[in-house]
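Common to both upcoming complexes is subunit A, partnered first by subunit B, then by subunit C.
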Partner chain A sequence: MISSTYTKIAKDRRFIIRTPKLTTVFLMIALPLFLLGMISPKYITSLVTDIVIFSIYAMGYDILLGFTNQFSYGQALYFGLGAYGVLLSVLHMGVNLWTGIIIALTICVFISLLLGSLSVRLTGAYFVIITIIFNLVFYFLALSWVWLTGGDDGLTFTVPPLDFLLIKLSLNDHIVKFCFIFSLFIISFLILERLISSPLGRIFIGIRENEERLTFLGYDVFRYKLIAYVVSALFSGLSGALYAIRLGYASAEFFSLSLSALPIVYTLVGGMGTLIGPVIGTIIILPFTYFVGALWKHYFIIVGALIILLLKFNPKGVIGYIMKYR
Partner chain B sequence: MAEIALETRGLTKRFGGLCALDGVDLKIEEGEIRGLIGPNGAGKSTLVNLIIGKLKPTTGKILIYGEDVTGLPPHAIISEKRVGVAFQHVSIFPKMTVLENVWLSLHARSKRRWNPFIRAESLTNVKRKAEEICDLVGLGDKMGEVAANLSYGDQKLLEFAIALGNDPLLLLLDEPIAGVSPGETEKIAKVIKEISKGRTIVLIEHNIDFVLKLADRITVLDKGKVIAEGTPQEIRTNERVQRVYLGVE
Partner chain C sequence: MLLPEILVKILFNLINGLIWALIMALIALGLSLIFGLMGIVNIAHGEFYMWGAMLTWFAIAFFKNTLFGIVLTIALLASLGAVLERGVLRTFMGRPTYTVIATIGISYILQQVALAIFGGWPQAVPDPIKISIPIFGVGYPVYRLLLAGIAIAILVSLLVFLYKTSLGLQIRAAMQDEEMASAMGIPVSRIYTITFVIGAVLAGLGGALAAPIVQVFYLMGLDVLAMAFIIVIIGGLGSLRGTILASLIMCPLENLLTVFITPTEARVVSLLVMAVVLLFRPQGLFGGARG
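Our next item is the complex of A and B:
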């Protein structure tokens, strides 16, 4: 967690999270990433696009795991809903891309409010289990409702051009697509950064630090945890929608548990409760799975071993190392 | 007659076969410091946990300022009835600074606590009040320290400061000097006097001398029952209290 790293600064300013620093570190990561995406050959740009999409996924997840200490193993539910939300609304209703994304996000908010109010009261292993169950229900529904989702084979769609300031940008060009997704990545970070440094964000950190004390200060902890759950679902949905747009495709696999595992891995490797940690985690692990995964299909054994080693020596993840030697 | 701040009627709590509290009737007037003493296992902490809603009573009622709060969720009791509680085992936010700890407790009453768009630092009046409370409990020079690094006595003071966050009318102090050094005990006694202005305080303690010194009235619990109630002087001379509590044969 970032707090102990900021102890020194906290002594001067008396507040743990110095968000201006967070933004600076973020820009130091995002700028090279953007340049890499712009100048590289197409397959590298696609890889960077994926990194950016999954960074949104992981940052949203960090609000849940890193800030309110809720270990969800079912975020792929919202990833899949976001993907299908945009795909189906474009396919069947012929809406433009913005409307499609908004429809997808609205669905995620509604479903997460419903499922969150059932699950957020649970803690520890019970919460993990119920999120897995919800996730699996949607996964099997997606697999069996082939008429709607295309099941395992999935559905393809033509990504409609993007309405942007009176001009229509075609997303067929991979650079345009990259820029579009990257700008949403920046916006997502700014929103989440604002959230965690806001009064509401302080309450999230309080939940992480001592949930019981918050209750006995008069906070209705359930509501705040539910908000965190919904925010997390929203950004999972956004990344799912962007992934469907990037591929022009979605399948039932988008709901699978292995997709639920990804943000957990990225967040833990990068360092939870830091917001930029998950981005770093994605940058490290995702290319690794691309290149090693292409060579050997059981590559996740190596990933698992790496995670255990990394966390054994520093439970704060990669960002713990960076901050330690600053 | 002053208003009754806290009242319990026939409060009973059973844990399986064990009866932790057995028909406790209490009436605590507004503005008083009420000492609540008793040997180990007398049911003191159970009583606190019942009042703040952490436990539900088996039978009986709890009234705060005349309103029945039995069965309400803890956060509702704390925020609506303005109850503050300082736990026996300090319950603070260890990785946050002293000021942030107090800030977070004040924030529970802040109208803008839901706002996700402004910066927390911009709530300057919350910060100013937090600084005032830190000064009040004598942590003014340690506001920037991380809570986990404080001495145990200072953590107890911080626990008070957090409990004062919602400007409670009824303040429950559960064993404020348990595990604290004699020097720091003095400091805590002074702070309790300081914060008692305009509040009703329930002081639960194991240490009888400390309570005799501070409390206006004292209730003695033994095996879940009230065995005596009166001024410190009356309690000091009460034979039954001496027998069960002070160990005089």
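Our next item is the complex of A and C:
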């Protein structure tokens, strides 16, 4: 009995030592991605840019679903807010790009503080429903306020040049745009990696594992859930803003529920609660939908079936699969 | 007797709202039953409704037979419900997050299959009966009143089934306390399948009834899903009487609002009412107890 416990501990220790650091794994994935984006023809670079943008979206979502076990089906709210935040502030106030992004993120933080403080009190089914509701409110409003959002047709804008160390970089060149977005991707990952390995991240995991116990230990669970919600909204907003910059366009569809489903799929495929999983999930699924979507327009049937099959056979995602056989 | 135009408009919106409320009550009851018993937030519920409408349109357009459409709806949605419950949702029992994600997957599949089979263009079902009766000097189509009658008949028979038959009693018992019901010898597992089938068929019938009123379109489910959530939350998740009451109040109210503001803004108002109810009275406005 005792010996078996010891071998178990020994195994666990070996496991801990052998598990590479998150940042190392991340670099192993990000570096090839960067090279691919730099050397490839334009359409591949665009695809990699999309992968990077949606990776930010999915990583932010992972903080919510994977780390604090709050299942939201309404993240597109912040994706759309981020996109329109940057688009409208550039369009109507003529600010430069950084200010536009900062305005967009500020809006996301404020709205998520407001809606989050209402919704994170709810759990389970009620939380899912209220996130859907908030998402739908914004979606319906964006569809109907055509004077502001352009509705279904959307609005286009000329992306202003980027002020970077006293140089003005034009984002019209797709490689410059790619580098800009990629650097924000790296920064996002580093911030989130710091966050989850800090004591705050441990509290998040505590909430996921046993919310009640954390309450007894004296943690204000509501506050930490709210922080997770806001962080997630912030990165959803950043990703939305970058997507609007990449396309020079935003439409009411940015608020749609199908955009809310994307990070769920990506996180699920890669493995939730791992931060790197969502990135892997995006790398797998996004090109898949891109190419299959070009061949067969009903490819969402495959996505739907994939969701169900993954949940059934491999709920821990690609990361879980790798961990099982190492 | 001639009424001022605005009053006539309000009146007609109220009548239309009431008819729509009866149809919505069917759909929301399906959602409420499924949640009340199995704890599943069924995102695919709007798709069940859409399939009901699509099948009815299909039967009328190609076979010129409304009854065939309704039979087809019941048959197809019942088997679909059974397959989905047994094959998919059963696996994720007790893990609410997984079931919600699974129903998102199901809704994608149902939506795209409908798009592939029936095409992406909004279809209109021709009025089944072309007679109209005058109400305050304005002709009102009879078939809408007929729809209301059918919806009431279905509602009444559902309530009779739930409250007067032994199977209905078993369903309500399982909703109240699953373990106890199981201990009393109620085959809870079979009750689950039956309830999910009933829920799916109710949504499908709602779609079949709504087909002549609304545009039949593969994305029509989203709108109804939102409304069904509003009704179910305001009435209290899992409370059947509350669901019917909430439907009868919210749908006419929303229709009434559309006299003054756009339909989208009216929907946003309902959504906000629902958010307030959810936050301050999560058990719903009408009665706290389930069942």
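We adopt the following convention: the second predicted complex is superposed on the first by the 305 of 326 C-alpha atoms of A that agree within 3 Å, B and C clash if a C-alpha of one lies under 4 Å from a C-alpha of the other, contacts with A are read in each partner's own complex, and residues count from 1 in each chain.
FYI, a residue touches a chain if its C-beta (ideal position, glycine included) is under 8 Å from a C-beta of that chain, and two chains touch if they have at least 3 such contacts.
All figures in this text were calculated on a predicted structure; none of them were measured in a lab.
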Which superposed partner A:N210 touches (first subunit B, second subunit C, both, neither): first
Which superposed partner A:G218 touches (first subunit B, second subunit C, both, neither): first
Subunit B versus subunit C as contact partner of A:F300, first or second or both or neither: second
Those residues of subunit A which subunit B touches in one complex and subunit C touches in the other: none
Interface residues, subunit C side, partner subunit A - complex: 35, 39, 41, 43, 88, 91-92, 96-98, 100-102, 104-109, 111-113, 115-116, 222, 226, 229-230, 233, 237, 262, 264-265, 267-268, 271-272, 274-275, 278-279, 282
Residue ranges of subunit B touching subunit A (in the complex, touch as defined): 52, 54, 73-76, 78-79, 85, 87, 91-97, 99-100, 103-105, 107-110, 112-121, 123, 143-146, 162, 165-166
Contact set on subunit A toward subunit B in their complex: 1, 3-4, 7, 10-12, 14-16, 19, 194-195, 197-203, 205-206, 209-210, 212-221
Footprint of subunit C on subunit A - complex, ascending: 65, 69, 71, 73, 118, 121-122, 124-126, 128-130, 132-134, 136-137, 140-141, 143-144, 257, 261, 264, 268, 298, 300-301, 303-308, 311-312, 315
